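In the part that follows, the structures are each spelled out as structure tokens.
Across the two complexes that follow, chain A remains constant while its partner is chain B and subsequently chain C.
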Partner chain A sequence: MTDADDVENLMRERLANPFLVLAVAPSASAAEIERQGQRLLAELAAGLDGARRYETPLGMRERTSELVRSAIAELRDPARRLGHEWWARGLAAAVAV
Partner chain B sequence: MTFGSGIHVGIDLGTSNSAIALFDGESVSVVANAAGETLTPSVVRIDGRGGRTVGRRAHRALDGDPANTRAEWKRLMGTAERLPFAAAGAALLPEELSAAVIASLLADVRDAAGFTPRAAVISTPALFELPQNHATARAGRLAGLEEVVLIQEPIASAIAAGWRADQEKDRKDTWLVFDLGGGTLDVSLLETDDGRLRVVDHAGDNFLGGKDIDGALVEWAAGALARRGGGDLRADRATARGRRMLARLRAACEQAKIELSRAERASIVVPDAEGDGQPDAGELEITRGDLEALTEPFIARSLAAVRVLLAKNQRGADDVARVVLVGGPTLMPGLRARVGELFGGRIAAGVDPMTIVARGAALYAGSVGLDATPAARAPAPAAGLPVRIEHPSVTADLEPFVVGRCLPGAGQTLPERVRIEREGDDGGWAGADAALSPEGSFVLQVRLERSRRNRFAVRAFDRGGAEVALATGAFAIVHGVSIGDPPLARAIGIARADDTTRVYFAKGTPLPARRTFAHHTVRPIAARSDDDALAVPIVQGESMRAHRNRLIGMLQLRGVERDLPAGSRIEVTLEIDRSGQLATRADVPGTGQTFQDVAFVLVPTASVETAERELGATNRRAAEVQRRTFQLGIPAAVQAIADVSAVLADADRALPAARAGDADAAQKLHRLLMDANNALDDAEALLEWPDLDAEARRCKLTYTPMVAQWGTPAEQQLYEQELEAAGAARQRNDAADLELHLDAMRALGRAAYCRDPHSMADAIDWAAAHVTEAMDVAAAASLLDRARALQAQNPFADGAGGGLRALRAIVAEIWELFPSSPELQARSFDSGIR
Partner chain C sequence: MTAFSAMIALAPQARDADLVGRGGGRAAIRLLIWTALWATVLRNIGGSVGAWAEGSLGVGVTFLIAVAIPVWLFVVFPSWLAFRFAAPRGMRRLALAACWMSPLVRLRDLPSIAAFFDAAVDSPFRLAPWGELPADTWTALASALQADRRRAPAHAARIVDALAHLPAGARFPWLARVHGVETLVLSAVARRDWPAVARYARLGQGRLVVLLAMVARAARGDDVPAFELWIAWLRAPMRRALLPIVRTAVAQGQAVVTADVPPRARATIHARHVAMLEAAARHEELRTDDVMALAAAWQPAVDDAALAALHARALELGVRDGGARAQALREQVLDELALLLARADGELPRAPAHPFADTLAARAREGEIARIKASLAAFDADAVGPSLPPLAAWERWLALRAAWERAEQTAGRAALATLWRTGVRDRLWSYCCAVSHSHGTRAAWAAHMMFDWLADRAEVAGDLVAVLANRENARIALASLR
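This part shows the complex of A and B:
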């Protein structure tokens, strides 16, 4: 049984929540998300240190341009965005427990 | 990422015709070939001396010299099918023929623009799978391109049609791109929202195109000629003369079809050019009505694909603001009228259906900053302080961020401030400035003028206010439709030994993408053995059942430096770039080794005998699934198999031509069988729904108390969310989503279970009873001894929990030694990991 790894894999998926990756609130507008995403992509491409990690309820994780692009695309889809909003609020609640 | 002086190249590599377009940041132009035409026929001829002819001249040889001239190979991309050229004694792969066409298009750019492009965006059908995309990218590189980026044809069409459209209106619109090419139909639903373009979904048919319409027309004409007593050309396929006459008839039919786009009637003239004294095959008259009657089944089939796509996305025809027609066959008035009827005449005007894809591909090359000019390869070094400026090339955002970083060399110091000014500004924007951070970076927001290319100058100043010369002082941003990264057409993942799929990239994931997950080996691997390899199968498809997906690649872990026990951790990384190239690596922390040689699986080209057997088996399977479907009375399953009988009938029809050696027909037969089996898989998944539903209830009852008692607070919260999401998936009858959440619930439940001291005792007792079934009995026995010894020390009484943690680790190791069932492993492409 690979319980610890299964949970770690699960965390990798859930902590790659687009709102966490982009560091925007679940209530952010589409334009805000797009602008923040482009800003982070530019910062990562320019090698700015501050852009390389993002905060999650369970600690800092590595931020990559793939994650940022994926986050932008996920949040462009209204149905997927709803799901991510729900997870983002739940993850925030997990810390409060 | 500079956009200032670059030229961007887009290529539409079509089944019948190809085109190349250039985008200079302001406008797009289609490059004409040496004959002055914007379309180059995708035809290659190789003569007896090995001389190659591409395009119109080769097309002319199609009927006169069919043994040395090849066309319409696009459907075979990604297969190992070599197409022979008799006189030269050569046989080329489909991507090698595509490379010849691309090289010809690049030469046209060289003649017209004075440089040979080093990079280009090439379009591919939306339904192309990874091996087909891989072959297309390879064709580009064989033609001399250093960088190749792929884009799906419907997205390219939408970009070209929507470029700078509606940006003033800031409104949300749904578009439909109806792309009927020579060999494929792609129907895509797109959405523009505030200048951002998104692909909502697409559907299509890999075996419906102009070629099928031409085929029907040839059949009609040959039949009509035979009825006149002129002999049946179809009966003479076996002779070289017969094939030449049929090729001539095909060319005449194609010409008549084009004429009928403008006229009510046309003639099909089939001359006898053999000079052997045989009479002319004859002349026929065909009316537009005749052609419409002939094409009706194909039009109906294509409109059915449109309706399915709309229904799947809960939209009606009235929700579509505009329809973009793409491809030569859409010039047929009958087809335009039928599409117009469905959508109330809302067909986008001013769109050239023949070159729109190439134009869109060039625009996309601009949006990803893919500069085709040789200067992009080696920019001339400039004097001054080097500064890296990052910004979007094209954006719908009127106030995007620009990020810069100064990179001082020896003897250079960082300036204190930077300023960005818009060139040619009429005073509407005063520019922006910022102090540099200690790492020499700055982040500034600039303001764009709508629907134009905005050029900016960057200036830097030292403490005293004196200007510092910069090596890069200018950049440009185009305000236009903001295009997302190309989405992955089908999910990609790893098949695990228990026949489940670890999804790495869901359908729609933007490319490029990279992800890493931890896995464990299910059996030991012997050190330094070339024979003992552990398979990591890479699959493409949406099913959580690995065997229902398509195997596209295989990574083999072979030649490990020391014996690797079962249960060894491996970290597998999958990476796909914008050209659809898949790279895979497996890191084995236990040995410090990395494996990354992936064997790519080609689109299978089964022998006709195999396909014939498979057709029989699929027919029997279809009958069985149909019986179970009606027995259980699940309406969704009935719907899933609704088209299977028609697909199998198509396969039956393709069989005679495949038997006669037509490679294209054989490939079509294989694809149709795959489509039928996919539909049957879907139906079976629905039939299994009651079992999955029961499994969901079991998981909830089993794991909820475990997680409540032994899970960490974060795990408990996560579990609650997974449970709720699983409930929602059950409500929607969404099997794939439910399986994902059940998987997560199991992972969290098992993690909690392992913390329960009593469950650990149960696990040790179970392992002891089944130790002879372990993959490595000696290792399992040794671990059990250690576990028993720890148990004897009563680790539960250890206040710090150190003994318990050690026991937990041993139990986890023991579990790794128990195999998945051999049947499951075989179904999952013999996967060696879980």
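This part shows the complex of A and C:
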């Protein structure tokens, strides 16, 4: 794998931050995260346009049901949530700017 | 390795082949056909026009018909027919025949040009497999074109960088600069990759390359006057196809053709970090100063107080080893910054301004040295043979060259001198000699470049024996190209 692949994968990983994918605040409770995840999955299944994209500091990205499920699973693990939360605090602030 | 064993011999066939061998015979036949054909054309033009005009033409028109037009037909028209008309329409045989007729094309470049035509239409090389092709500018451009189309920008960038820094005497034919580079630039234009367009255009010449370089500058945000863009467009070929791009460049001023480029986040340190990762992934040029400025901005976010706050949050979430988790996030940021630093241009500051930058610089140095050591494994002289084509051998060297030249900006002279004497010198030297011995004149262009590079590095390391031997090897390789 080259450096270019590495940085591209890192960038994708950062922009696929579960808090950005689920559009919830980093301080959201586990219940809020689950609720928002299920709502997004239902909207995606219904084919709602608004659910198909999510906001990142580098513009809109495509949201899929796999991405949503993966985000919910990531945030169920407290250790993983800690890291995502730390990145999300900065990234979500940039989205809000 | 002794200097004697590391010297290459001048291949006797190198010079003789073009004079008296098959190559010489073919060149003589080509010259005879040129002479017969163009003499006939000239005679017919002169005879018909002379009979028609009956002495009524002035000096200017006579000069135009008798000298300027025949010279244009003889010198420029065949390459125009090959590269502007036949090759873009997939008429490969006509394009090769036109190249054969062009005095601007050397006979021995024809197989490489054929390979370039194949790469340009994205088909496998038909005239000769890779192993039988020489390493030269045309095959290097063909390889860069394939890499660009297959989304391997790092590989394409390494080839382009090597072509941009050819040693004195290395050939870069004019037609390759105009038409070869043009095809490469157009490949990047097709996906609106303006940083790649700017990088490739530095190699080239010609009206189209000049225009596209200006559009790329405008896309970067440079001030390019609309008047100059329109003049360049008027002078360039493919005006109809390029009109939308130029119109957009002019209309949007500095923000050109960026409809698919997302807005750049600058608000927070995290967002700046991700934006820089994106720039690196897009192969935009990064500057070491910018990465170090980002590192300076990161410092308060990963200092002891910030990590303590993170540790407290870990306790709230019920995470075990919260301190270690917080420390791991700091290490993650450092690794990512080191990766960005490895892609950036410019020397590291001699005295980093803060401890975080110092740690980052050390990590970047370690990474570069590790990268060189890892790439050295591929340079086994015993494995060089017919199965490793000259161009592939050259491309393998390009990876080491890129890592070494990056390390020159980060690792410091002492570390590189040690690495040179303990691992790189003998291994790479043997490899270059093996490539040269194994492929002869087909690898001469690449061998010249590799030996010249080795001599330069030996000079920096103070290795006089290696300097002298590799300069001589480079000279011999260059002589076999003539």
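FYI, the second predicted complex is superposed on the first by the 84 of 97 C-alpha atoms of A that agree within 3 Å, B and C clash if a C-alpha of one lies under 4 Å from a C-alpha of the other, contacts with A are read in each partner's own complex, and residues count from 1 in each chain.
In this section, a residue touches a chain if its C-beta (ideal position, glycine included) is under 8 Å from a C-beta of that chain, and two chains touch if they have at least 3 such contacts.
Quick caveat, the model's predicted, so the values are computed rather than measured.
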Is A:49 contacted by the first partner chain B, the second partner chain C, both or neither? first
Figure out whether A:34 sits in contact with chain B (first) or chain C (second), or with both, or with neither. first
Determine, under the contact definition given at the top, whether A:85 touches first (chain B), second (chain C), both, or neither. second
So, does A:8 touch the first partner chain B, the second partner chain C, both, or neither? both
Tell me which of chain B and chain C touches more residues of chain A. B
After lining up the shared chain so the two structures overlap, which partner does A:76 touch, if you call chain B first and chain C second: first, second, both or neither? first
Touch check for A:59: first (chain B), second (chain C), both, or neither? second
If you lay the two complexes on top of each other, which residues of chain A touch chain B in one and chain C in the other? 2-4, 6-8, 10, 14, 57-58, 83, 86-87, 90-91, 93-94, 97
Could you pull out which chain C residues touch chain A in their complex? 152-155, 262-265, 267-271, 273-275, 277-278, 280-281, 283, 301, 310, 313-314, 317-320, 322, 325, 328-329, 332, 336, 339-340, 342-343
Within the complex, chain A is touched by chain B residues 1, 193-194, 196, 198, 388, 390-392, 395-397, 399-405, 439, 441, 443, 482, 484-485, 487, 502, 508-510, 512-520, 567, 569, 713-718, 720-721, 725, 744, 746-748, 750-751, 753-754, 811-812, 815-816, 834
Where on chain A does chain C make contact in their complex? 2-4, 6-8, 10-11, 14-15, 56-60, 78-79, 81-83, 85-87, 89-91, 93-94, 97
Complex contacts: residues of chain A adjacent to chain B: 1-10, 12, 14, 30-31, 34-35, 38-39, 41-43, 45-49, 57-58, 64, 66, 69-70, 72-73, 76-77, 83, 86-87, 90-91, 93-95, 97
